[in-house]
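Across the two complexes that follow, chain A remains constant while its partner is chain B and subsequently chain C.
And then the complex of A and B:
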């Protein structure tokens, strides 16, 4: 605005100084960008590039060839890969409801606690698993589920006498229970963290709104469906999409609980990809890269679909 | 002033005491607290069990009874003196975690600040890419590329080889959290400081830093937790026990006898998870505030 009253030369000098200032301001972002490009973006593109080759890490004698979409075609016909995708889908279906609805329920209860000190104590206790690193959670639950010394079986056998040590449930390892057991562990791990998300959403509901509804004669049940749930919808949608992505790409829990054994029900597509890239045969990383991208693309398709479904409903 | 406030307090108290539906409310409140406490106990039970296991005598640990007949507190001493690589592994964990927490927190808050308070013409591109990376299985897809990169530059089996990729594990999330926190600070504060002739750096360190302390606590804890226990990259980029971090050693160890008897593993486990819980307990108040200020915004 001021430039209209200035001579052209001065205005140009001002503009130059502004671009210079802006370039200097970019210095604040550049360190983050260097790391992000170097260790996230570049590796992803590199993996995309080798997914079209027959690159094998341990094979140093033969040259690498460009083989087009062959790796993708092979992966789509690979029974272990297909099975791995379905196992991940099965895990995701078990995992998602428990990590959304249980924290929602707990958040609604904790939100009503009037005593501030108690409310803080509850929040801190619920958040403790969130400050234990993931792999440590999986180690802990590998012990919890242990057939002989795991406390779950000890309680089932010694305390409740529901089973004997001959027929007690086999929770992890080669057992149909292992995927549900891991999903249950994830509910436990995510309970506090997701409760905090919902508590933040509940705190944003104006107090007058709930009070007005109560005055109008709404009971708690109506209040939940008519006032609370619609207000929490945006948070729920984001959580569903984010957690869908993490659940489909879960890997460490399966490696720690089930190991690198294709006979185990925990051998999902992520474990298969990692196993292929870093220990099978001569480490065919080109093939593993194609599996990684296929898994990622199918997940992205579902994420896009979820966004589309939710947006469609919101506009109604 | 003080007196009038007390008076109004007394008045509201008097009103609430005479409220007719007070007793009925009590019953539901009790049920509510009981339910919350039930969930808290579920959360605490596994941790309490490991703690108990770490002080059980070895025969009791294998007999499968919950409460031991005899306690044995020597497992902690055994673990820190008898397991040869433990000090090295612990040192690796500390070096890696502190480096990553420091680097990530610094660069994420600088970027978050610039994205909100300095006018960057293409800042939105950076934000869009960071948000998209949260919905993309970045860790799984990039791991082969990261391995090849570290292999090319000779960083396999080294601590810097772990630190560099660890920084990016939570970088996008940390930057977006800091962006949310900076959005809670009004532009006027930065503008008025600029009027007084303060440069971008000075505004950041003298004016912004105290205002974003709670958000920093959240970012520090998030990064601390991820790095302290990271397994996948560590298992990929190291294969030498002496450069591994403590959690990886634990994850690749199965309960057995002798050196790796159950109570000894449990003692090691408690040693590994305690620092995180202590840091959290100490910073809990700021962490909760930071979550409210912007960490849960996007």
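And then the complex of A and C:
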């Protein structure tokens, strides 16, 4: 076997090319980095900075003062903020199980459809709500839930005669049903999208594993608990973490369904924060920023806890 | 000599820039045109240090107004460029375009207009304020401002300036005095009035006839409530009466029917504008009337609306539009619009708001008008446009007579139009006798004062006074005292 020795000059050139090849990847990161810094990092830092000031957006003539932790102290003592956090927690408690277990159940059913064409049709139907823009969904369901002309109440009153229009259920506004009603809307909206997560997870479970379990005498119930569910745990973690964040920070749905009346169950901390920052008084955005940070920090704490709950127990 | 001229030009331009009449970019362009490019950069550098916030609009404006001609003569090229850079760009609140389909036709006939829809859902003017902070404006004029609602915020943030330097005197003189006053602060007109709305009562005469009630509008609240109860008891309709839960559309006008002396100056409020006195006996009495109406209304009457952050498409509108309720309190354009879709649109009756016995018999009016962006362009053109728009005979014919698309029923703000109609009544006017009924309320109606909390006092207060309406608080005086306290605290916190 013939061997060749590179001259030092050629070797240096090769080394340069290799270094360039290895480092050029960083160039491709730059656009994403610019967007991350410009649209995520900078606003986060900016909001953090103004949360320590008495910054009021409309007060263009008054100087802004550093007030330390005063906004945070005020927010923690603010009944509307506390109430808003609990309302969001209540919504999240109702919302999360529905976006995990219903899609999981549907995914298991769809996964068992052996006819490939039929399985595709099911998947497409499930995905239809997911491709409808949010505001259209909210307006559609706002109409569905309308007290007077919404199809749900019309069926309950005029068709089934279960209620009259003096005592029919109120699905939106100041009603104990309004948060569950919005959670139901969210389940429906996200069903297809979340089902796809689980279908992807189910597809990754080796066929041999389930067959081996069956050979060992596992029934369907055992198969689900001992084989399928542990393999879907990472998917569940992703969904729980993602949806926990979105559930705690829901705002558009609440404003569309409940407006800006602070007595409404939909007046959560996010709505209050927005209302404070862009509508109330001189728009005290320093205070609103502190509320935002408190909300974000409490959510981060819960996310850390969720990571601990869903930690990889196989590595123990 | 040349140097003196250059210095003069520089000073004029600098003044124009300081007053917000031209942007920094336009300043540099003009300086370059005058051969003062580097000097311009140095002036900007000197200005750049601590970015001084723009002066309060109300005080800065007169100087700006007088500075315009000077700047224009000093650098004709620059100012010509600034006014011809873009077409006149008015932006309209969505509902105006929806209700007045003749506006796009008007824009075409006016020519060179780039009309847009304003990003102001739920009266939110954040975008306008944000642009003003950068001393710029995408638009020249905002058509959709309601004085007591968002005008205060727009002035405070320096986003708008008065129309006075641009509006022709004959137009100012032609405005109905109370309307002109409503759109003004410190004697300066910030809202060029366009559409007049007055809170009135409306009823569905098909329903009241079915209930055996004479076809006349109830004169006082006792009669109104008794009739509404008769409707409910007779089964002529699902509900007897309804109202819009937002305070400026119900609590304030019903209070005005009892007394208009229900505003007070809050100590410590720097706005110099009064607030609604929720504790006033007339306001408490109004709340009690609302409670009685609520018992005759749909169960969801206090719920938020379906659009515009809960402000519009409210339950009362749905109930009245679906012919499920007989009596209704709202601005005239609401019942007119909904009756258009009834099986018998002729069944609509409109009357003055019922009086309280021995009360003032007043109501609330407001106009929706146009605000002039301080950092907009084409200001003279904007005034020309607004004059033509607000006097457009076609818009008033369609508004009052209605079109296949809508029947907004909003009224003009000018004396001369009414005088002309009186002298030569057009067909669309004689076919719509409600115009006289509604317009007849204006002399006794009162606008909600332009405190920056003009609207927000009702937004903040609503959940509190509603504790009485929902039965959570038994004493209306306690509910209203708590409301007043909460509003006062919020106002003082915002100072």
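To be clear about the criterion, the second predicted complex is superposed on the first by the 284 of 316 C-alpha atoms of A that agree within 3 Å, B and C clash if a C-alpha of one lies under 4 Å from a C-alpha of the other, contacts with A are read in each partner's own complex, and residues count from 1 in each chain.
One rule holds for everything that comes next: a residue touches a chain if its C-beta (ideal position, glycine included) is under 8 Å from a C-beta of that chain, and two chains touch if they have at least 3 such contacts.
The structure presented is a predicted model; accordingly, all values stated were derived computationally and were not measured.
After superposition onto chain A, partners chain B and chain C are found to clash with each other. With both structures placed on the common chain, the touch criterion links A:303 to chain B but leaves chain C unconnected.
By the document's definition of touching, of the two partners only chain C reaches A:260; chain B does not. In the superposed pair of complexes, A:166 makes contact with chain C only, with no contact to chain B.
In the superposition on chain A, contact of A:295 is made with chain B only, not with chain C. Judged by the touch definition given at the top, the superposed model places A:67 against neither chain B nor chain C. Legend: residue contacts after superposition of the two complexes on their common chain; A:218 is shown touching neither chain B nor chain C. In the superposed model, B is the one of chain B and chain C that contacts more residues of chain A. By the touch criterion stated above, A:279 is placed in contact with chain C alone, chain B being left untouched.
In the superposed model, A:89 makes contact with neither chain B nor chain C.
In the superposed model, A:123 lies in contact with chain B only, and not with chain C.
Chain A residues in contact with chain B (one complex) as well as with chain C (other complex) are 57, 139, 143, 146, 148-149, 255-256, 278. The touching residues of chain C, counted against chain A in their complex, run 53-56, 122-124, 126, 129, 133, 153, 156-158, 238, 298-300, 302-306, 309-311, 315, 318-319, 322, 324, 452-453, 456, 459-460, 462-463, 466, 470, 490-491, 493-495.
The residues of chain A lying in touch with chain C in their complex are 56-61, 139, 142-143, 146-149, 165-168, 170, 172-175, 255-264, 278-284.
Listed in rising order, the residues of chain B touching chain A in the complex are 32-33, 35-36, 39-40, 42-44, 46-47, 49-50, 53, 61-62, 64-66, 103, 106-108, 110-111, 113-115, 118-121, 123, 126, 129-130, 133-149, 164-165, 167-168, 171-172, 175, 200, 204, 221, 225-226, 228-232, 235-236, 247-248, 250-251, 255, 262, 266, 269, 272-273, 276-277, 279-281, 284, 288, 291-292, 296.
The residues of chain A lying in touch with chain B in their complex are 22, 24-26, 28-29, 31-33, 35-36, 38-47, 50, 57, 106, 109-110, 112-113, 118, 120, 122-136, 138-141, 143-144, 146, 148-149, 151, 154-155, 158-159, 188, 191-192, 196-197, 200, 203, 241-242, 245, 248-249, 251-252, 255-256, 270, 273-274, 277-278, 285, 288-289, 292-293, 295-296, 299-300, 303.
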